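Sharing a structure below in C-alpha cells format, with a few things to ask.
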Amino acid sequence: MDVKQILQKVSDGALTVEQASAMLRDLPYEDLGFAKLDHHRGLRSGFEEVVFCQSKQTAHLVEIFCRFFEKGINIMGTRASAEQFEAVAAVVKSAQFDPLAGIITVMQRPVDPIGLVAVCTGGTADYQVAEEAACTATFFGSRVERYYDVGVSGIHRLLDKLPQIRQASAVVAVAGMEGALPGVLAGLLERPVIAVPTSVGYGSNFGGLSALLTMLNSCAEGIGVVNIDNGFGAGYLATQINRLACGQ
Amino acid sequence: MDVKQILQKVSDGALTVEQASAMLRDLPYEDLGFAKLDHHRGLRSGFEEVVFCQSKQTAHLVEIFCRFFEKGINIMGTRASAEQFEAVAAVVKSAQFDPLAGIITVMQRPVDPIGLVAVCTGGTADYQVAEEAACTATFFGSRVERYYDVGVSGIHRLLDKLPQIRQASAVVAVAGMEGALPGVLAGLLERPVIAVPTSVGYGSNFGGLSALLTMLNSCAEGIGVVNIDNGFGAGYLATQINRLACGQ
Amino acid sequence: MDVKQILQKVSDGALTVEQASAMLRDLPYEDLGFAKLDHHRGLRSGFEEVVFCQSKQTAHLVEIFCRFFEKGINIMGTRASAEQFEAVAAVVKSAQFDPLAGIITVMQRPVDPIGLVAVCTGGTADYQVAEEAACTATFFGSRVERYYDVGVSGIHRLLDKLPQIRQASAVVAVAGMEGALPGVLAGLLERPVIAVPTSVGYGSNFGGLSALLTMLNSCAEGIGVVNIDNGFGAGYLATQINRLACGQ
Amino acid sequence: MDVKQILQKVSDGALTVEQASAMLRDLPYEDLGFAKLDHHRGLRSGFEEVVFCQSKQTAHLVEIFCRFFEKGINIMGTRASAEQFEAVAAVVKSAQFDPLAGIITVMQRPVDPIGLVAVCTGGTADYQVAEEAACTATFFGSRVERYYDVGVSGIHRLLDKLPQIRQASAVVAVAGMEGALPGVLAGLLERPVIAVPTSVGYGSNFGGLSALLTMLNSCAEGIGVVNIDNGFGAGYLATQINRLACGQ
Amino acid sequence: MDVKQILQKVSDGALTVEQASAMLRDLPYEDLGFAKLDHHRGLRSGFEEVVFCQSKQTAHLVEIFCRFFEKGINIMGTRASAEQFEAVAAVVKSAQFDPLAGIITVMQRPVDPIGLVAVCTGGTADYQVAEEAACTATFFGSRVERYYDVGVSGIHRLLDKLPQIRQASAVVAVAGMEGALPGVLAGLLERPVIAVPTSVGYGSNFGGLSALLTMLNSCAEGIGVVNIDNGFGAGYLATQINRLACGQ
Amino acid sequence: MDVKQILQKVSDGALTVEQASAMLRDLPYEDLGFAKLDHHRGLRSGFEEVVFCQSKQTAHLVEIFCRFFEKGINIMGTRASAEQFEAVAAVVKSAQFDPLAGIITVMQRPVDPIGLVAVCTGGTADYQVAEEAACTATFFGSRVERYYDVGVSGIHRLLDKLPQIRQASAVVAVAGMEGALPGVLAGLLERPVIAVPTSVGYGSNFGGLSALLTMLNSCAEGIGVVNIDNGFGAGYLATQINRLACGQ
Amino acid sequence: MDVKQILQKVSDGALTVEQASAMLRDLPYEDLGFAKLDHHRGLRSGFEEVVFCQSKQTAHLVEIFCRFFEKGINIMGTRASAEQFEAVAAVVKSAQFDPLAGIITVMQRPVDPIGLVAVCTGGTADYQVAEEAACTATFFGSRVERYYDVGVSGIHRLLDKLPQIRQASAVVAVAGMEGALPGVLAGLLERPVIAVPTSVGYGSNFGGLSALLTMLNSCAEGIGVVNIDNGFGAGYLATQINRLACGQ
Amino acid sequence: MDVKQILQKVSDGALTVEQASAMLRDLPYEDLGFAKLDHHRGLRSGFEEVVFCQSKQTAHLVEIFCRFFEKGINIMGTRASAEQFEAVAAVVKSAQFDPLAGIITVMQRPVDPIGLVAVCTGGTADYQVAEEAACTATFFGSRVERYYDVGVSGIHRLLDKLPQIRQASAVVAVAGMEGALPGVLAGLLERPVIAVPTSVGYGSNFGGLSALLTMLNSCAEGIGVVNIDNGFGAGYLATQINRLACGQ
C-alpha cells in the first residue's frame, strides 16, 4: 500500500488519521530505500546472488547457499576455499567450483548474455582477480571475453587483439607490479577502462600500492580505479556500463 | 617475409593489393597507432581541445590557445589562473573565464548536448573540482546537471534530488574530508558512479588520502575512482559512459 | 504543517489526495532528517551559528555573517584571518576578534553556561587549537575552564590542578609533538577525555601524525580522538557529553 | 597512616622529624596515584576485572583468573582463544566463552544495568569487535542494545531503528572497509558517537587505515575515534558517558 | 595515403619498392615489435630462459620446464621451493638446485663468460638475493665474482678486495637494514653500481623500505636502484652493462 | 621551606598540624618534580636558559629574553630569524647572532667547558642543525670540536680526523640524504654516537625520513637517534653523556 | 707490533722488505679499523660474543657456538627459538636458555659488573625486548636493575622506584603502544634515556611506528632512540655510557 | 711511491724510521681514497666541476665559481635561480644560464663528446629534470640526444624515434605522474634504461612517489632507478655506462 492509497483511505474514511499516521511513520524509510530495495529485490528474489565467502564460517555459508538455492536463483560465491566448496556441495549438489578462481557457482536459471565486456590481465599471476571480474560480469548478464597475459612483456599479443577488444562496451584491466596495463589500454581505446590493481608482486609494491598509484596517476583519460584485488567490483561496474550500452 | 619482400611481390604481381594488405595488416602495430591517431585527430583537428594550464609558462599557453583558435575549434583550459586568462584574452578576444573554477573557454562551434551526466559534491569547498568535471563533460558533449553541497550535512537535499539524479547515465561524485558521498550514492543508484576525492580538508586527510581510501574501500558496488582533484578525468570518463548510453 | 495536520485536512476534505500526496512527497526526507533539521534549526534559527572561515571568499563570508546577524543570533567564526575579520566588522559592528585564536564572535543573546568542560594543552604552541575547542564549548553553552601549558615539562602544574579538572564532565586534551597529555590525563581521571592532536612540531611529527598515533594507541581507557587540529570537533563533542551530564 | 596522622605524631613527639621525613618521602607518590589507585581499587577489588588475553601465556592467564576469582569479583577476558578458555575453565568452572567474540566471562555478582549504550556495526564481519564493545559496556554496568549490520547496504534498517538508537546516551559505531557508519550516525543523532574502525577489508584498507581516516575526517560533529579494532576502549568510553548521563 | 594506396601504387608501378618501403617504414610500429620480437626470440628460442617460480602452480611449472627443455636451451628458475624442484627434477633429470638461493638450473649448452660483474653483499643474510643476481648474470653470460659479507662491520675486507672489484664493468651491491653498502661502494669506484635493497631486517626497516630509501638518497653518484629483493633485475642490468663494456 | 623544616616547626610547635598539612599539600608535586625543578632551577635561575624562537611572537620573545637577562644568566635562542634577533638586540644590547645557525646568544657569565663532544656532519648543508647541536653542548658546558663535511664524499678527511674524534666522550653525527654517517662513525668508534637525521635533500628523502630510517636501522651498535633536525636534543644528550664521563 | 716497530726491524735488518710488506699489508685496514678490530678482538677472542640467532640455519648456528665455545669465551644468542637452543645444547652442554626472552647464554668466565643500567618497561608485554636489553648490558659487564611494568597504568610504581632509577648511569626505557614511558622518564631524570619502541600493540600502532614516533617527538630532552624491538642495541649503547660513567 | 718502495728505502737507509713512519701515516687513507681522489682530482683540477646551487648562499656560490674559474676548468651549476646566475655572471663574465633548466655553465675548454646517451621524457613538464640529466651527460663528455614529450599520449613519436634511440649506450627516461615511460622503453630496448621519477603531478602522486614505485616495480628488465627529480645522478650514471661502451 503506497502513500496515495493510504491517503485515499483517509479521504474515504477507511482509515483514521491516527491509523494513517502510524502507517506513514514507517513509509519514509521504505521509500528511501525503495530503489535500493527494488534493486536488491531484483538481485535477490528471482535471479542471482553473490556471496563473499572469505572468512565466513562454514555453517553460515552453507545456510546462505541453501536459502538462496531454495528460491531457485543463481548463486555465485567469491573467494571461496576448497573446504568451503565441499561443505556447500554436500548440500547443494549442483554447485560447481573453479579452484584457481576461488569461485563457487550454482546456476539454476539460464542467463542470456548481452553486449561485451573484455577482461585483460598484465600477467598470469593476476588470474584469480581477473576471473572474479569475468565471472561477476558473466553472472550479471554480460557477454565476456578474456585477454589474459597481455602486459608489457606480451604487448604484441595485446595489439593483435585490439580490434576485438575495441568491440567491448567496457574493458576491465587487471595488473599487479607496476600496473601499467590500464593506462596503455586507455590510450588505445575510446571505451571506459576499469582498472584493477592487484597485490601481485613483492618488495616496493607494498601489497598493491604501486599498481594502485600508477593507475590513479595515469596520464590517459577514461580510467576508473577499484580497490586492490577487487575483481568483483570491476565486473559489477563493467556490467553497469555494458547494460547502459545495450540500452538497459 | 619482410616489408620489402611483400612489396616486391606486389610489384611483381605475385601478390594482389588485397593479399599484401592483409599481410601487412598483421605486421603488428600499424593498426595500433591508427585508431589512436584517428582518435586524437578526432579530438584535435576540428572539434575541441583541452589544455592543462597549471605550471605552463604564459607565452607557451597563449601560443597553444592561438594555434587551436586558428583551427576554429572549441578550447577549454583547466586550472588556469587569472593572470593566464588575461594573457590569453588579450589575444583570443572571445575567451571566457570562470575564476572560481579556474576554467578558460573559447567556444567557436555550437555543441548539442546529449544524455545526462550528474555532478554532485559533498560540500561547497569541492566547487572547483566539480566544475572541472562538469565543464569537461559539457565540453565533450554531455548534458550536465549539478547537485552541489549534498553531502552528509545536507543528505535530505540529496534524497530530494534522487529522482532527477537517477535519470543520469553516469554520476560524478566529488567529496573531500571523509569522502563518503560516492558510497552513499552508489548504494542508492543503479548507474556508474565516478568518485573524485578532493584534497579539501586538513589534518589526517593527508592531502586527499582519506577521501581516496574511503572511496576505494566502499562497500557499495558500481564505483570507479579517479585521482585526487582529477575533475577532468571524471568528466571525461562520465562522458564516455554517457555516449555509450546514447548509443554512440 | 506536520503529517497529522495534513492527514486531518485530507480527512476534512480540505486537501485532495493529490495535494496531500505532493505535500507528503517532501515530508519523508524532512522526517528523516527531523532531529537533524531540528538540531540545525535549533542552531541556525535563533541561537547560534558556527562558520568555518578558512578559504572562504571574503564576500561570501560577509554575506553569511550578515544573514545570521539579521536573525539576531550568536555567531562564531573559526580559523578566521585578520582580513576576514575587518571585512566582517565593517558591516557587523559588534563583531569581536581574537587574533591568536583566529576566532570572530558576534554575541547578540546572553548564554547561561552549564556544567563544566576543562580544556588542557601540553604547550603554549597549542593555543589556537585549544581556544577553538574552548570557544566552541562556550558558544554552545558549556562552562569552560582552561588549563594551558600543563604538559610533560610542567606536569606538577597539571597535578596541582587535578582537583579542579576532576570537576569537569569532559576534558579536552590538546597536544602536539609526542602527544602524551591525553593518555596521562585519562590515567588520572574517570571522565571522558577528548584528545586533539595538533600539527605543532617538526621532523618526524609529520604534520601531527605522531601525536595522532600516540593518542589512538594510548594504554589508558576513556579517550576519544578527533582529527588533527580539530578544536571545533572536540569542543562540540565535549559539549554533548557535558549536556548529558547536566541532564539535557 | 595519612599525612595528618604523621604530622600529629610529630606534634605529639611520637615520631622524630627524621622518621616522619622518611615516611613522607614515599607519600607524595601515594597521593599522586590516589584517585588512580582508588579508581583501580574500585575496578579491581570488589566488582570487576578485565583481562587482555591475547599473547598472554596460558599459565599466567589461568593464574590471573584464579586470583580474581578468589576475590569473588566478575571477570571478563577479551581476545581469548578457545585453548585459553579451556585452560581457564578447567580451574574456574563457572567461566563462560563466546567463541565468535573471543570473550571469557566469569560472573560472580549480579550487575544492575543503567542507562543505554547502543552498539551498531556496518557489517556482519565487524561482529567480534562490536561484541567486545558491547560486553565491555555491559560488564561495567551499562544497559546495551545491539544494532548489527546496519551499514550502507542496509541503511533502511538503520533508519528503522533510529528512534530506538536515539534513546542511547552514547552510540558505539563499528565499521571496517570505508568506515562511513559513524559519520552517517553522527549526522542523524545528537548524542556522542564512539567510532571504532576495524581491520576488516582487503587491499587499500591497509589494516584498517582507510576506516580510521574516514572516521577522523568525518564532516559530522560529535565523533570520538578509538584505535582500530579497539572494541574494549569504545565500550569503556561509552560507559563513562552513560554513567554521566545517569548522574553518576 | 594508407597501406592499400601505397600497395596499389607499387602494383601500378607508380612507386618503386624502395620508395614504398621507405614510406611504410614510417607507418609506425612495424619496426617496433620486430627487434623486440627478435630480442625475445633471441632469448626464447635457442639459448636461455628464466622462470619466476614463486606462486606458480607445480603442474604449470613442470610443463614450462619441459617445453623449454625440449628446445635444448638453458633454463634458470628463480625463487623456487624444494617441492617445486623435486617435481621438475622428476621429469627433467639434469635439473640442479641450490636450496639456499632457491634457484633451479638446467644447463644444456655451454656458456663462455665474458667481462666481469662483481656481486657484493652487506651481510650473510642477503645471500639469497645476491645469489639470484649472481646466477642471473652468469646465466646470461657474464663472468661473476662474489664478495659477500663486506658491509659496515667488515669494511676492512671490502677495502682489501677493492682492487679486484675495480676490475668489474658493473657492481651489484646487495644490502638490507640501513643499506649503506652501495653508497660506500659508489664513493670508491668509477663503475656503475646496481643497488639492491633487501627486506632483511626488522622494526623500522618496514620490509626493505629503509634500505631502499637509503640507496635512492645516496650522495654518491653512479648508482641505479632496483626493487627490494630483485636480484634478478640487478643481475640482468649488470649484464647489459657488462656486454656494452665488452663491445657487445 | 622544605619538608624537614616544616616538620621541625611542627615538632617545635611553631606550626599546627593543620597549617603544616596545608603546606605539605602542595609539596608532593613539588617533591615529585624535585629533580626536575632543581634541574630547571639549575638551568633557569642562575646559569643558562634555552629559548625555542621559531613561531614565537616577537613581543613574547623579547619579554622572555628580558626576564632572563635581568637574572644575569646566559641565554641561547635557537631557530631564530634575523627579525627576531633585531627585536631582541634592540633591548638586550649584548645579544649576539649567528645568522647561518639561527642562534641568538647572550653570555653574561663565563662557562668553563669540560670533557669533549665531537660534532660531525655529512655535508655543508647540515650546518644549521650541527651548529644547534654544537652551541647547545657548548652552552651547557661541554668542550666541543666540529668536524664538518666529512661524509661519504670526504671520507678520507673523516679518517684523518679519527684520532681526534676518538677523544670525545660522545659524538653527534648529523646527516641528511642517505644519512650513512652515524653508522660509519659507530663502526669506527667505541663511544656513543648521537645520530641526527636532517631534512636536507629532495625527492624520496621525504622530509628527512630516509636519513631517519637509515640511522634507526644501522647495523653498527652504539647509536641513539633523535628527531629530524633536532640539533638541540642531540647537543643536550651528548652533554649528559659528557658530564657522566667527567664524573658529574 | 706497530708501524714504527716494524720499520725499526726493517731498518735493523730483522725483517726483510717482503716480510715487512706482508705485515704492513694488513696494517692499513687494521689501523683504519683499529679500535673496531680491537673492539672486535676484545669481543671475539677471549671474552664474549653475541649471536643474532633469528633466521640463521641451525647447522650454521651450532657451528658458530662451537667455534666460540672452544675459545673459552662467554656467548650470548639473541632471538633464539627453543629448537635452536636444543640443537646448540646438544653440543654445548653448558648452554642455558630463557624461553620468554629468547636468549641462549654460555658463561665460561666470570663477569664483574660495574656501574648501573636501569631497564624499565611500560608493560609486561615488552618483556622479551627488555630482557634482550638487560641481558646484553649484563653480558658486556654492566650491573643491571629491572623495573618492569611501570608504564602509565602503574605510574605510582615508577615514582616509587625513582630514587633507585636515579642511581643508574643510563636508563633503557622499553614501551609499545603509545610509547610514552621514555618521555616521562626523561622528564624526571637527568641521565640519558635509551628509548626502545616495541611492536607490541595492534591497529594503528602499525608494527611499532606509533611508539617510535612518540619517542622521536618527545618534548623532554635527553632521549636517544633505537630501532623498534632493538633491545640489543639499547643494552649496548647503555653499556657504552655506563662504562664512560665508570671512567672506562 | 708505494709501501715496498718506502720499505726498501728504509732498508737502504735512504729514509729514517721517522720519515717512513710519517709517509706511511698518510698512505692508508690515500690508498683507500686513491681512485676517489684521483677521480676527484680528475674532475676538479683541470676539466670540469659541478655545483649544486640550490639553497647555497649567494656569496658562497660566487666564491666557488671564482675558485674553479681561476683553474681554467669547465663549471656547471645545477638547480640555480636567476638571482644566483646574475651574481655569478657579475664576476664570471662567460657564465651562461638556461632559466628553464636552472643550469649555469662556464665552458673554458672544449669537450669532445663520445658515444651516445639518449634522454627521453614522458611530458613537457619533465623538462627541467631532463635538461639536468642531458647537460650533466654532455658536461662529462657524452654525446647526448633529446627525445622529449614521447610519453603515453605521444607514443607514436616514441616509436618513430626508436631506431635512433637504439643507437644509444644508455637511455635516461624521465617521467612523472604514472611514470610508465621507463618500463615501456626497457621493453623495447636492449640497453640499460636509467629511470628518473619526477615530482610532476598532483593528488596521489604524493611528490613523485607514484612514479618512483612504478619504476621500481616495472616488469621489464634492464632498469636502474635514481631519486625523484635526480637528473644529475641519471646523467652521471648514463655517462659511466657510455664510457664503458666506448672502451673507457
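Note that the chains take the letters A, B, C, D, E, F, G and H in the order they are written out, and that residue 1 is the start of every chain.
What we mean here is this: contacts are C-beta pairs under 8 Å (C-beta built on N, C-alpha and C of every residue); 3 or more make two chains touch, one makes a residue touch a chain.
Everything numeric in this text was worked out from a predicted model, so none of it was measured.
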| item | value |
| --- | --- |
| Numbering shared by both copies at the chain G-chain F contact, with half separating same from different | same |
| Geometric centre distance via CA averages, chain G-chain D, whole Å | 38 |
| Geometric centre distance via CA averages, chain B-chain A, whole Å | 25 |
| Multi-partner residues of chain C (at least 2 other chains) | 28-29, 32-33, 36, 155, 159, 187, 203-206, 209, 212, 216-217, 227-228 |
| Pairs of chains in contact (touch as defined earlier), listed by label | A-B, A-C, A-D, A-E, A-H, B-C, B-D, B-E, B-H, C-D, C-F, C-G, D-F, D-G, E-F, E-G, E-H, F-G, F-H, G-H |
| Residue ranges of chain G in contact with chain E within the complex | 28-30, 32-33, 37, 55, 197, 199, 207-209, 212, 227-230 |
| Of all residues in chain H, those that touch chain A in their complex | 122-123, 151-153, 155, 177-180, 183-184, 187, 201, 203-206, 209-211, 213-220 |
| Interface residues, chain H side, partner chain E - complex | 32-33, 35-36, 39, 156, 159-160, 162-163, 166, 169, 187-188, 190-192, 194, 212, 216-217, 221-228, 232-233, 236-237, 240-241, 244-245, 247 |
| Complex contact set, residues of chain A against chain C | 3-4, 7-8, 10-11, 13, 16-17, 20-21, 24-25, 27-29, 31-32 |
| Of all residues in chain E, those that touch chain G in their complex | 125, 155-156, 159-160, 202-206 |
